[in-house]
Structure formats: structure tokens, C-alpha cells
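What follows is a set of structures to go through.
Next, two complexes with chain A in common: one pairs it with chain B, the other with chain C.
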Partner chain A sequence: MMSQSLTVSASSRKLRRSLPWRGIAIWVIAALWIAPVVWIIATAFKPRADVYSLAVLFTPTLDSLLSAFDSPYLLGARLLNSLLVTAGTLVMAIPVATLAAYAFSRFRFPGGQVGPLLLLATQFLPPVIIVIPLFVVFRHLDMLDTPWALMIANLSFVVPYATWMIKAFFDALPPDMEEAAQIDGASRLRAMWDVVVPVALPGIATASIFCFVVSWNEFFYALVLTRENAVTLPVALMSARTEQGDAWDIMASMGLFIIAPMLLISRFVQRYFVRGLVTGAIR
Partner chain B sequence: MKDRYLKYMLLAPALLICAATLFYPLVQSLNYSLHDWSLARAPEPEAFIGWANYVDLLWYDPEFLGSAWVTLVFTVPSVLLTIGIAMGMALLLAGDGRLQINARTLLVIPFAMSPALIGISWRFMLNPEFGAVDAVLKALVPGWSGAPVLADPTLAMMALIAVDVWHWAPYFMLTFVGALAALPQDTLDAAQVDGAGGMRIFFEIMLPQLKPVLAIAILLKTIFSLKMLDQVVTMTAGGPGTATDTLPHMVYSTAFRFYDIGYASAMAWLLAVVMMALALLYSRFVMGRSA
Partner chain C sequence: MASVKLIDIEKRWGDVVGVARQCLDIADGEFMVFLGPSGCGKTTTMRMVAGLEAPSSGEIWIGGRDVTDALPKDRDVAMVFQNYGLYPHLTVAENIAYPLKVRGLGRAERAARAREVADKVELAHLLDRRPRDLSGGQRQRVALARAIVRKPQVFLMDEPLSNLDAKLRVSMRAEIRRLQNELRITTIYVTHDQIEAMTLADRVVVMRGGVIQQVGTPTEVYNRPANLFVASFVGSPPMNLLPAQARGGVLEVCGTVVRDLTGPEGQALVLGVRPEDIGLVAAGQGDVDADVYLCELTGDAVLVTLEIGQTRLCVRGDRHLRFDIGQRVGLTLPRAHCHLFDANTEARIEA
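Let's turn to the complex of A and B:
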């Protein structure tokens, strides 16, 4: 009796003592991970003179942003390319992945789970091994430096991940749903479209957000497959590294546009991107 | 009956895309790797030379072996530090406290940032003249006199590792928070009542139960570290010298700066074989856990 109350009070005392320490540690961690993001965003709004100083207080200006839109950086054109490539990739990938995910989830294939796992395992390959032949093919077809080349290259990672993620959602749905619909006379495809897809919509949304984030951020394929016309935002960052040195104000302005959609849809990103990562096990 | 065809029809578009964008490039790069082919000389693969590229790489190319070593020097600390720090963060950030939940949500933002932007941003902050990191180091480390971090071979590698840890720790933290929440609470309570300290509870009760999750996390992070490339390109471009010239970066520069497609493909395949073995191990783990 006596000793038990002692340990309880001891442990609660320990808990109370550890609380401020814990709180401080959490604040430090949050600062370490958020400060660089804030720093980049702040740099985009700094007057030119303050970019190369550590000024924390400054009068915000749009000068850097405006000059990033000018020649030779053409932020507007790069932004359009990024939007076009990301949208195109999603429009092609999500329906295709939904069909494949449904097939993997509802039918038996020779080899059992080997098919979907193999699909996921391809994502563990280094992207350089994929991009060398793609570069050669696109060069032959005269498709280098076009948005099409990038969309096709992006499909190589978006389709496998999206399929894997959407499959996980289909797996969680009971098959009796479509069976009931089929008994009512609907065809298998009709049942899938009318009954299963609406219920699996959160899964499709998860996959879409995830694929949006990875396509939007994609750097390496775009670096290899574009030169001038189809350059996307992440690759445009490199164009601010000139002979005269790095134009950090321009880079920060471009960075702002790369982060912006993540912040705008951050609630969805947090909810769906992370869930996608946990089911999809990542690029 | 009809389903027999339907299932393959549903799968066909995805298979077509994977065949074109994954399987074809994989087979084709193996084919290239057996040729002596520079894209600067000829648009089509030149002389077939069998395994000569591989023999050259493994026996006669000190630069390749050096790059393999650099990759190892990057991978081992980046994996161990990421997993260790992520676990520490998870222990701090697990639970339903307001501060914890908010901090977890906030930490997703840097992880959702483009790796290229992460590399560029840290390059900016590591600048010895006006970089924020340098200012912080000056304030915290006595005797730090503003070394050009990315111009020093050792410091550049350390910076690359630190940035990689910064990139991945939030993700693994979230995985571990999930795993911690799934631990049975009663054994933890019992241990606490028995007077076990926080350290003992972690090492003797939590850690053994977290082993499968940790194994998968270490394996995944190893694969990610081995294929990490964006930050090398944007932060160090492999330099100074070849101090941060990891294998993916060496393949990239061999293929697209020197257009030595055959040799670069052989290099890529050697790297891919290692990663396929790891991927196989990973699928064993995943299958084993779901079975």
C-alpha cells in the first residue's frame, strides 16, 4: 500500500518534472525543421540588398518575384510547364491505376501477390537506370524537351505507386457490394464504376495527392529530358546558378512557387500524403 | 468466365505503361551496358563487347570504386542517423497532446518539399558569407570562423548527410509514432508501476517489440540513400573534387556529361543489382508480415 502510493507519486512527479523539458525539445525540433522553410519564403520577399545579409527585419517587396518572371528566368513559363506536366501525368495515371488496382484486388492472378509487389519493387531501382534508355528513345523520336516526354517518364513511378495505394483501399472494401449490384443486373464494370469507385474515392484521393506531390517535385527526369522549352520549376532552380554566382533571390522566388501548392493544400497533403506514404512505402 | 478476360483488360493499360517506362528501359540499359557506346560518336549502339564494361568497372576503374566507397560513406551514417533521430523524435512527439499533434502536422511540410529545392536551400544557408547556418554556428560553436562548408571534402559530405537526415527524419518519425501507438499499453504501465525508468522501458520493453518495424525502416532508408541524387546535383555536384560523387551521380555525369552510355549503363546495372537484392529482402519482410 505504502510503497505503491510512493511509486505512483514518484512517477507522477517525474512526469511533471519532464514536461517542460519535453516541451522545449519539441519546440527546438519544430524550429529546426520549419525555420529553413520560413527562411526561403522570407528571402523571396526581401529587398535585393537584404538577401545577402542575415536581416531578420526587412521591408517586404515583390522585386525578386517580379524579376524572376522576367527573362532569362521566365518563372511564368516554368510554372505553366510544371502545371501541365503534373496535370497530364495525373489525368493519365489515376484512371489507369484505378483499373489495375481493382483487378489486383478482386481477381486472382498467377503468382498471387507477386505481381503487385513486383510493381512496387521496380520503384527501388535507381532512376538513372530508367532514364538512360528513355533519353535515347526520346532523342530518336525528337521528343526531348517536350512536356510529353516528362509525362511519360513520370508515369514510370506514378502508376506503380498509385496502383499500390488504391489497391490497399479496394482490399479494405467487402466484395459483396459489387456482387449485390451484379445480382441486380449490372455488369462487372458498371458495378465497379457505380458502387466501388465512389466508396474508394478517399483512396483515389490519397493516391492523387501523393502523385501530385511527387510529380510536382520531380527533378531528375526533368533535368535530363528538358533543355529550354519544357523546363519545370525544380529544374529552373538550376538556371539561377550563373557564371556570376548564384542568384539567391531568384532561387527563393522559384522556391516559393514550388512550396506554395504544398502550403495551399497542406491539410490534404498532411492527411493524404502521409497516409499514402504509409501504404505505398515511398519513392 | 468472362472475368478471365476482363481482369487482363483492366490490367492492360497499366501493364503497357510499365512495359514501356520500366521493363523496356531496364532491358535496354542491360543491352547498352554490353556495348562500347558513346552517344557523342554514334546515335546507335556501337561495338558489342560483352562484359568488358563490367570487368573494367570492377577491376580497373579506381574512380568507380572510389565512388562506391563515397556511396557507402554517405549511406551508412545517413541510415543510422535518420533512424535514430526519427525514433527520438517519435518518442517525443507520440501521444495526443496538442503540442505533439501540431508539431507532427508541421513537420510534414519540409518533407513534402522538392528534394531539389531542399538541396538548393541548404546550399544557400550553408554559404560562408551570408548563410544562416554559418551565423548560427558562429554563435554556438566557439572557434568557428566561417569555414566554406561545401568547399571542404569532409564537411561537404557531413552537410550532405545532415541534409538527408533532415529530409527523411520526419517521415520515419511518423511511421514510428504509428508503431508506438500500436504497442500494448498494459506492459508499459506494468513496467512503470514496477519502477522501471524511461531508458529501461524503451530498451527492454519497447525496442524488442519495434524490431520488425525498425528492420523495414532501415531497409527502406538504405534503398533511399543508395538512390539519393537530387541533393547531390543541387548542393555539391559531386564535389569538391569527387568527395560527394556518389554512384547515382557518377552514372548521371558519365551518361549525360560525357555521353558514355555503355559504360554508364553498366555502372547503373551494378548499382541496380545491389538494390534489387535489397528490394527482394524488403518484399520478403512485407510478405512475411502480412502472412
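Let's turn to the complex of A and C:
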């Protein structure tokens, strides 16, 4: 008995002693990350009177949610705008970025890497500089305050971003498969659709998720380019700062809807992101 | 089935020459092997036939049709890649049937044809697996099945056996030869392995530095190498190449006069003799005397490395022969198996 306990190696003893500390550290960090989310969810369901209190116990109510959907906040319309703009951006950006990434990855261009680097360089321009000409152009085209304007503005940063991400995945794919497909009778485009895209799907999905997150959360362009009709959720959040003070209950209700899709897709993010990283690395 | 014609074909990338202005005729149904060290342009030539690489100049004809500018899909060729080029997201059956799917065949017919071909290469029990669940040899057979599932005009094979272990390579080699014999489809096969070339080919094309060195049957290439490169590349162990000089109607090899052999006088020559053609006799009784440097038993034979002055040569002898290191022996050089080359141009000198 005695000898047995003595043979427990030093390292495992150290591990056992540090275990509770590790557990506590994990819980503290997790709580730090989760607390704001929990607070937002709680606030959204609190009665108005309790919003400013630190009360943990309260009777849940749908009052603030209902008034968020009501005028003047119009959460429903804002949510629809956000969905429309994000979906539209992705639907346009991912096919374009996939094709561009394939071209950059497989064809020789005059000037070599200048093309993709130029595309990346556009991302170094601060949005403040781009938004001014965009505003002028959209005003002339009578597109201010439309979802189209936001989609086009979003494309300006989503497409380069997605192109670079997807290009990295294509670069890692050996050309054998698509050459085989072409010899088997497929055109280049068909070979890409039949072979390259399915194999690179984790990469394309990862890029799509990233693009979803950035366009869903996009605030600056939406703030400048919309006024009433095309306002998205992040901008709508600002409308809760009224002259009567900040309506935290409304903000929390809106926050709930901004966070919801993130929580929903987080499972896919995890699965595809990890798979995407691994397929890119090992082959 | 079709003949393949390469007319003045050339491939260069900037200043780098991949293939330098070559002409080649491949007959209908012929098994043609491109042989050469890596970087000799054999794969590039094949990729130009496939349409995966555009020639810088020249023309390619397949079956009497100019396909120089045709897309790979319009050339009606099938190819087996070195790394197989299988579609990892499709099952074996779907992989094999892909060429038919692209051509718009119905699902039922595709499945039937895939099964039929899979039977032929003994894959029938693996049709639902994915490539990653297969061994190297099985993957190789999937690639082969995909190539033969439709009847292409030309088969192209790019070192298809190089990723297999030695034993499998031998059996797959036989398989490929048997298949080609059965289907009688014009085949171009790229390899750097001279044994594969010898065993498979109807004719061999030996290449170096983008230039064709010799085209001929395996026997021709082995028995009458066109130049020093072919002589040293084909055959294992390679042909012995000894410096020689013709003087007064006889040949002087490593300082020893060899009777009944001669060549053009006043220029540096190289005498080539294959290890298995040299006879070993007692010292003083052969054409040349040499000292034993090393004696290696390979199982079926003994490889004796000998020294004549500074020059080393290898002789393949009976497996019962034994020599001591440093022992002096005589060598006989059968006149019919002696090859003479010009040391400067490296070209063969015909007797």
C-alpha cells in the first residue's frame, strides 16, 4: 500500500494537485465570456423596472421584445434587412470569390502575383475613405438606403477576403484530379464544379461562415448608406439611444437577434473550420 | 484506336527548353514507352499529347485529326496519373463511371459498365469504398478501370507503377501488358524504369534533355544502342564503357591491343561491352587481363568488378564463380557484342 502510493510519479502528482486550479481557471474564463451573453438574454426578458437593477430573480416578460418589434424600433423589418443584405452578399460573393480564387491559383497571369496582391491591398484602405465616393455614387444612382447599396459595399471587403481564403485551399489541392476530369471529358468549368469544389468544400464553407459573420455585423457602411428603409440590425441598435435615455431593454432584445444566428452556426463553424484547417494542412 | 503523330513539337518556358523540336510516329495499337531520366521531357511530351500542356510550336495528330489546339476533353484520350488522380469524394464505382457520366450516359448503363470493368481489374468487391480506404495497388486499379471504361483512341500512362512496392509492380506490369494486348488500344507509357520499358514496349523512345536519343524495339535499343547515353541508360548493371583507340588496324583498349577489332583511326573511341557478354578465363588467355576489385553474389549471378589500370568494369558471371580480391583474370570480348562509339559525338560507329 505504502510502496504503491510512493510509486505515483511526480508529474502525475503535480497534475492532480493543479487540477482544481485548472478547473477554476476554465470556469472563470468561460464565465467572463458567457456572462455578457447571459446578461443580454436576461435583460431582454426583464420587466422594464428591473432593467437597471442587478436583480437576478425576476418575472420574465415579453414586453420589451414586443415593443422592439413595434414602431419606432421595427425590429422585424430591420431583421429582414439584415438577412437580405447578408444573404445577398454571400450569394454574390462566394461564387465570384471561388472562380477568382481558382483563376489565381491555377493560371499564370502577366505580372505573377500582382493580381492577388492588388486585391489584398484594397483591404488596407480605411473604410472611411471608401465610403465617401460610395455615398456619392449611390446617391447619383438613386440607390441610397437600399439593400443593394449595402450588398455592393459589403462585396468590397467580402470578395477579397473570401478569394484569399479559398485560394489557399485550392493551392493545397494537387492538380491531378481536375486534369483527370478534363481528360475524362469534362470542360475546365465542369471539372471545377465536379471535382475541385466538392473537395474544397470545407474551405469554401469556412470562407462563407467568415463572410457571413463580417457582413452580419457590418456597421459602418450601413450607418452611412442607410436612413430608414434599409437599416440593418447593428444600426438599429443605435436607434434605441433616444432623448429619453438609452433603452437597454430594447437594445437587449435586438442583441438577442444579432447573437442568435451566431449561436446557431457556431456548431457548423466548429465542424467545418477544424476540418477546413486540417484538410488544408495535411494531404 | 488511332495512330499518333508528333510533328516538330517543341515546348519551352522562357529560356528553358522542355522538349526540343521532336518528331515521332506511333502506329495504331502500338505500345510505345517513353524512357529517360527525370527532367528529360518524356512527361511533358505525354502531357502535350493529352492536351494538358500546349506545345510552343509543332503539331499533334491523333487518328488523322489535328488536335494541336483541341481541349483535353475533345481528344478522346484516357490517362493514368502517377498519383492516380482519383476523385476523393466519389466512391470507386462513381470514379470509374465518371467519364461516362460526363458523356451523359444513363445511371443504369453507367453502373453496369463500371461493374463490368471493375470485374476485369478485380475491383468488384470494392465498388462502394472511397479511394482513401484503398491500398496503393487498388487505387492504381481504379485509375486503370476509369481509363478503360470507355474505349479511348489513346491510353496515356504517366509512371503508373512508381508508387507501388516492387512485388506489386511486377504483377501490375503484367496486368497492364495483358490489358493492352486484349484491347489493342494505342498506348503511350512514360517511365524512368528501363525494366518496365523493356518488358512492356512494342517500341521504346529513349529521351534525354528534351531530345529523342533512339526509337526502336526493346531488342534494338538493347542490342544496338544509338549512342553512349542509350548504352549506359538501358541495362542493369549498365554497359561497360572503355576508352579505346584504333591504331595500325587493331584496337587498343586500356593500353592492351585487342585483335580482330578495329575502328576509325586518329580519334578517341569508346568500346562498349555488356557485363553479361564478357567471358572470364584464366589470366593471359583472354583479350585483356584485369584484377578483381570486388565480387558480389546477387543470387542468380555473380557480379565481378574488375580493374584494368584506372578503369573499372563489371562482368556478370555464373553464380558458382568465386574470385579473391586482387586476383588476376583474363577477359574475352565476343566481337559480335562489342559496340564502338565516337568519344566526342557519343554516336554509335557502325562496323
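One rule holds in what follows: the second predicted complex is superposed on the first by the 248 of 283 C-alpha atoms of A that agree within 3 Å, B and C clash if a C-alpha of one lies under 4 Å from a C-alpha of the other, contacts with A are read in each partner's own complex, and residues count from 1 in each chain.
FYI, contacts are C-beta pairs under 8 Å (C-beta built on N, C-alpha and C of every residue); 3 or more make two chains touch, one makes a residue touch a chain.
Nothing here was measured: the structure is a model prediction, and the numbers come from that model.
Novice: Return fit or clash for chain B versus chain C, each positioned on chain A through the superposition.
Specialist: After superposition on chain A, chain B vs chain C: fit, no clash.
Novice: Given the superposition on chain A, which partner contacts more residues in chain A: chain B or chain C?
Specialist: Greater contact footprint in residues on chain A: B.
Novice: Contacts for A:242 in the overlay, against chain B (first) and chain C (second): which applies, first, second, both or neither?
Specialist: In the superposed model, A:242 contacts neither chain B nor chain C.
Novice: After lining up the shared chain so the two structures overlap, which partner does A:198 touch, if you call chain B first and chain C second: first, second, both or neither?
Specialist: second
Novice: Is A:229 in contact with chain B, with chain C, with both, or with neither (first, second, both, neither)?
Specialist: Neither partner.
Novice: Once both structures sit on chain A, report the angle chain B, chain A, chain C from C-alpha centres, rounded to the nearest 10 degrees.
Specialist: Value: 100 degrees, nearest 10.
Novice: With the two complexes superposed on chain A, say which partner A:186 touches: chain B (first), chain C (second), both, or neither.
Specialist: second
Novice: Counting only touches as set out at the top, which of chain B and chain C does A:174 meet: first, second, both, neither?
Specialist: Touch partner of A:174: chain C, not chain B.
Novice: Name the contact category of A:263: first (chain B only), second (chain C only), both, or neither.
Specialist: The first partner, chain B, only.
Novice: Between chain B and chain C, what is the shortest CA distance in the superposition, whole Å?
Specialist: Least C-alpha distance after superposition: 6 Å.
Novice: Do chain B and chain C land on any of the same chain A residues, and which?
Specialist: In chain A, nothing is touched by chain B and also by chain C.
Novice: Which of the residues in chain B come into contact with chain A in the complex?
Specialist: Chain B residues touching chain A: 2-3, 6-8, 10-11, 13-15, 17-18, 20-22, 24-26, 28-29, 32, 39, 43, 89, 92-93, 99-100, 103, 105-110, 112-117, 120-125, 129-130, 132, 135, 166, 170-171, 174-175, 178, 192-193, 195, 198, 220, 223-224, 226-227, 229-230, 233-234, 247-248, 251-252, 255-256, 261, 264-265, 268-269, 271-272, 275-276, 278-280, 282-283, 286-287.
Novice: Under the touch definition given earlier, write down the residues of chain C that touch chain A in their complex.
Specialist: My answer: residues 50-52, 71-73, 75, 77-79, 81, 83-89, 98-99, 102-103, 146, 156.
Novice: Residues of chain A touching chain C in their complex?
Specialist: Chain A residues touching chain C: 174, 176-177, 179-187, 190, 194-195, 198-199.
Novice: What residues of chain A sit close enough to touch chain B in their complex?
Specialist: Those in contact with chain B are residues 4, 7-8, 10-11, 18, 22-23, 25-26, 29-30, 32-37, 39-40, 43, 51-54, 93, 96-97, 99-100, 102-104, 106-107, 109, 113, 117, 119-122, 124-136, 139-140, 152-153, 155-156, 159-160, 163, 188-189, 213, 216-220, 223-224, 233-235, 237-238, 246, 248, 251-252, 255, 258-259, 262-263, 266, 269-270, 273-274, 277-278, 281-282.
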